[in-house]
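Next, two complexes with subunit A in common: one pairs it with subunit B, the other with subunit C.
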Partner chain A sequence: MSAVVHAPARPRSRLRGLVLIAVLAVLVIAAALWSLSVGAVPIPTQTIINTLFNLDGEQQTYIIMKSRLPRMVLALLAGAALALSGAIIQAVIRNPLASPNIIGINSGAALFALVLVLVFPDIPQVWMPLAACIGGLVAAAFVMVVAHYRNLSAIHLALIGVAVGFVFEAGVDYLLIVSNDSESSAPMIWLTGSLWGRTWAHVAVSWLPLVVLSAVALLLSYRLDLIALGEATATGIGLNVPRQRLLLLLVATLLASVSVAVVGVMGFIGLMAPHIARRLVGGSHRLMLPVAALVGMLLVVLADGIGRAIAPPIEVSAGILAALIGAPFFIYIMLTTTSEQDS
Partner chain B sequence: MFNRTILATLAGVIMLAVAPLAQAVEIKHDLGTTEVPDEPKRIVVLEYSFVDSLAAVGVAPVGIADDDTRESIVPAYTAVIGDDWKSVGTRKSPSLEVIASLQPDLIIADTSRHEAIYGALSEIAPTIAFDSLTGTYQVALEAAKTIAHAVGKDAEMEARLAEHTTKMEGFKAAIGDVSAWSAQFIVDNGEGIFLHSPVSYNGSLLSWFGFKNNMTTPDGHTYEEAIVKTSLEQLSEINPQVIIRGKYADPGLTDSWVGQPLYDNVEAVKTGNLFDVNAHEWSRLRGVIASEVSGANLVEIVKNLKK
Partner chain C sequence: MSILVKGVTAGYGRDRAIVENIDLTIATGEVTILIGPNGCGKSTLLKTIGRLLKPRTGTIHADELDVLRNHPKRVARTIAYLPQSPVVPTAITVEQLVGYGRAPHQSLLGLRSPRDIELVDQAIAATGLAELRFKPVAELSGGQRQRAFIAMALAQDTPYVMLDEPTTFLDIKHQVETLDLVRQLHGAGRTSIVVLHDIAQAARYGDRLVVMHEGRIVAEGKPTDVVTPELIRNVYGLDCEVYADPVSGTPVVTPR
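Here is the complex of A and B:
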């Protein structure tokens, strides 16, 4: 548990943190602009600029403004949301292995989406994101209500979450095995976490909740620092730990559920981004949360761009690439971090 | 006087109402009603059966979801539509960017495959959708008619369908009375076998020619009800007298079953009435032209039936 308990930031490391945030922000912007330039149809930079700023000369309105731009916006929103959600859950459950997965959000969302598509094929697929969101909330609500009601410790909460996750996961596997519907593609692609076919309509329904929830998460970051001190200490300084835990988990759940609804299951971001952030700026959540959000944005935008560039006109799901590229980096970070903690 | 003013106003209103219709044709399809510009010139199709429908009336699409395999558009089609079309990727997840870059004025999509991206497709161009994946032979012919209407080729399609009926009736006559025979089309992809049920395209085509089908007819029209993944036990239970097999892998899974009593005792296997056909042409291609190819295959198969 020591992974999330660090000394408060000293002024010097605070400056370092701000510089790091600035550098990351620049990287995110660069990656986002790059993602506008890659895809199945090569478009010259000049045309992209013309289209973005509505200048004279050749424009590619649909591809830039209606295809790549909404995808970029969604990648940024979902990347930040998943990273924040993961960071909060890791801090609340006080377990570095935690991620939105651990309270069943992803499997709950996946199961509900699949049930909608495979069991009720008559219901239009536009409702799939809503079903996913509800599924994530149902799974997480169950875990939280049980844990809160019985006043369980963090580790019990995590274990119940894992168990609930397995139940939903089994449901997903069951549906996949009994149906051979590999042909109707939407749910399968969605399960791997993809931005294929996303439009402004998806941005319209998700940007407000994601922005508001992300802001709330950043505002609540100091409470994470208190909880990180340990349940007894936090209670000792007057924090109602169970209530704060519930509130924070609720924010984390909503963040993850809404992102899962719009970009599908991208489980790895919520685990990886907070750890990368912690490695970069330490455990103080006031600094770690914004850094994690930026790292999450960077990862998803890059994964989506690379997925489009790798084998056009076929797109590789961003979720697959995020894991494929991120995992080795993640392992490297873990190897170096562990040795530091041991000393 | 007064009446005349009313009449003139009415005429004006009617002309105003009719004027836009002259520029576009309203097409009712599985995912709604869509205004398609008069005689669209740049058409993108996202299923093979729509290539079939366009080829039947001599229209060449500019983009095809060909699963990134140009050969999947068989010579019977390219002979009509040529080679000037661009691949827009897979049928499962076609590239919206490539579709947009072709600046289409009509997109023809599959109801179940592309429902989730119907909104995105409609932003690019008017999009009409038909049930190609799980529809029957009759559904495919209806879709072909509607597609011909959408591209302003009603007369051509009428003529082509008349020719089609003559051809198919000819095949039917050559095949003769097969009502005593149960026939089953199966796909073997090396890992599993998939039976095309009575509600599937191939199932309905075999029924049209008069074959029996030993499978129970499902109520609905979902993919699982049309294309049924089947075990050896289930196949032996269904026990068809004729098996028409499309193999995507060689050796197929069924080949590995040779020697197993359960398989060897399936009626069609025992009597030697198992026939191989082109898996791609049978299981993926649908429509006016494709069904004529299947019909010709069936005539050959029936000639070789061991009674």
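Here is the complex of A and C:
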């Protein structure tokens, strides 16, 4: 372009990335502690710290240990899982609009989990994530097979995903209407992305898969960089693209599905957290994935806490609040990011 | 030491084959340029050698290495392949992009060795990108982007480099810059295989031309031997005259 040669801009140093991760981690911990204190029964932070170290009275201990702590743990796990899932899907499909929602995973997982709850009400909690995973995989597999078979572009894939998502959502709505009794109100709340009534049982069935899958996602971060270069370039530098794409989408699908099983549909996290992270540290996934996970944790924990703090004892779903808090910020980011998608 | 293509037939899906029964030997140390009219199969042939397209029949070897049977990573240590208008990644700097060229030499985690850093530095210097090193690739001009991708292929440190229409969408100055870079690669002891549209450029920058027509190779050899009015008429259906380029002495085609 211009003949004037500019001095190289200063690099985004690795140090800056690490400092950012540390700051985010502190924010997540602070938000988590705060979320333990708010709700129908406000509990001072000092009491919470005492409780966590087993130093305090029984009522507070009961509320914290039985009600708020498992919620907080689930909020952290699900926030990280949804953010990682979204980041993987955005890299693989190479579409900034992509998220677990867009390729139908969330709705598929929700439908299968709901069928399990309604049709087999006596079945133990353990099976919820499994049913959700099957649903998520069915939806993702359908979208992928169609896209692969017709050799479709990223835009077509996203459109088919949206359509598949609507079909599964219609199934969810139908089930909620036909089973119109007191039993269905609980699934209804859960489906809006709420942590209401979550217990240690939910933590027990989901923590191991979510931790393992998140670790796998972080290990695969460099491959995400490569696959984001597109099939042709990635093949040229030695990536077995079809196989890696399948592996990465499998990890992303399972992450989102298990989250849906325990915290319901929080579609916005998977779209927003990766964008915020990319804006903060750039597109290299080795740094971007951990930052996205922390942003996801922060968003869900804050949303859950604020949802309880607004008008106790009534609760607003974390999914709804996450969208409410995140959307303005997200729009701000989109408006201030120079368009890099063209060409 | 060469790339040996034997009996390769390839096409997309269940459609008719685009290239049929291709036999081709790419000798080391030369710049081989594939030319031919639109749809003649030159890009398809390059994609097949680059493992983007699985051939229906035939074998491809590069220095005794079976390109189709070996692990993609292993092949990528021998052949670098740059597609036509590659995807520009979001929020990735020039240095990061060039670093990806080292992927076939690295483990799953992509940790850099001193050798990786050295080769990335060399590739950035050779393509004149030092000033743009920390700029996002998406913010570069078309010519600069093309140089960044070529630098990535350079960092891959392979004996063979394949480029699919690297000059498309560039203005003439950037076209020349890019092709000079290809000659530089050759000077550095690499063998390159390039698909080009412009016959005069192909004749000027190639040691050897391979002319394709309707999925087959119809001529190959030195530019002065290959580019004749008869060939252009047969292959492109164009009535023309061929004269020597006043600067390089290589053949130039002008329509009659």
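The rule we apply is simple: the second predicted complex is superposed on the first by the 269 of 343 C-alpha atoms of A that agree within 3 Å, B and C clash if a C-alpha of one lies under 4 Å from a C-alpha of the other, contacts with A are read in each partner's own complex, and residues count from 1 in each chain.
Note that a contact is a pair of C-beta atoms (placed from the backbone, for glycine too) under 8 Å apart; a residue touches a chain by one contact, two chains touch by 3 or more.
Because the structure is a prediction, the values reported are computed rather than measured.
Enquirer: Per the contact definition in the header, classify A:A201: touching subunit B only (first), subunit C only (second), both, or neither.
Expert: A:A201 sits against subunit B, while subunit C stays out of touch.
Enquirer: Once chain A of both complexes is superposed, is A:Q46 in touch with subunit B (first), subunit C (second), both, or neither?
Expert: It touches nothing on subunit B or subunit C.
Enquirer: Using the touch definition from the top, say if A:T235 reaches subunit B (first), subunit C (second), both or neither.
Expert: Touch partner of A:T235: subunit C, not subunit B.
Enquirer: A:E315 in the overlay: touching subunit B, subunit C, both, or neither? Say first, second, both or neither.
Expert: A:E315 contacts subunit B only, not subunit C.
Enquirer: Figure out whether A:T336 sits in contact with subunit B (first) or subunit C (second), or with both, or with neither.
Expert: neither
Enquirer: Please work out whether A:L219 is in contact with subunit B alone, subunit C alone, both, or neither, and reply first, second, both or neither.
Expert: A:L219 sits against subunit C, while subunit B stays out of touch.
Enquirer: Residue overlap on subunit A between the subunit B contact set and the subunit C contact set?
Expert: Shared contact residues on subunit A: none.
Enquirer: With touch defined as at the start, can you tell me which subunit C residues reach subunit A in the complex?
Expert: So the residues of subunit C touching subunit A come out as 13, 47, 50-52, 71-77, 80-83, 86-93, 95-96, 100-101, 103-104, 108-110, 130-136, 138-139, 141, 144, 149, 152-153, 156.
Enquirer: Which residues of subunit A touch subunit C in their complex?
Expert: The touching residues are 1, 5-12, 94, 96, 151, 219-220, 222-223, 225-226, 228-233, 235-240, 278, 282-284, 286, 338, 340-341, 343.
Enquirer: What residues of subunit B sit close enough to touch subunit A in their complex?
Expert: Checking each residue of subunit B against subunit A gives 68, 87-90, 92-98, 100-101, 112-113, 115-117, 119-120, 123-124, 133, 192, 194, 222-224, 227-229.
Enquirer: Can you list the residues on subunit A that touch subunit B in the complex?
Expert: So the residues of subunit A in touch with subunit B come to 39-41, 60, 62-63, 66-68, 121, 124-126, 128, 179-181, 183-186, 189, 196-199, 201, 308, 312-315.
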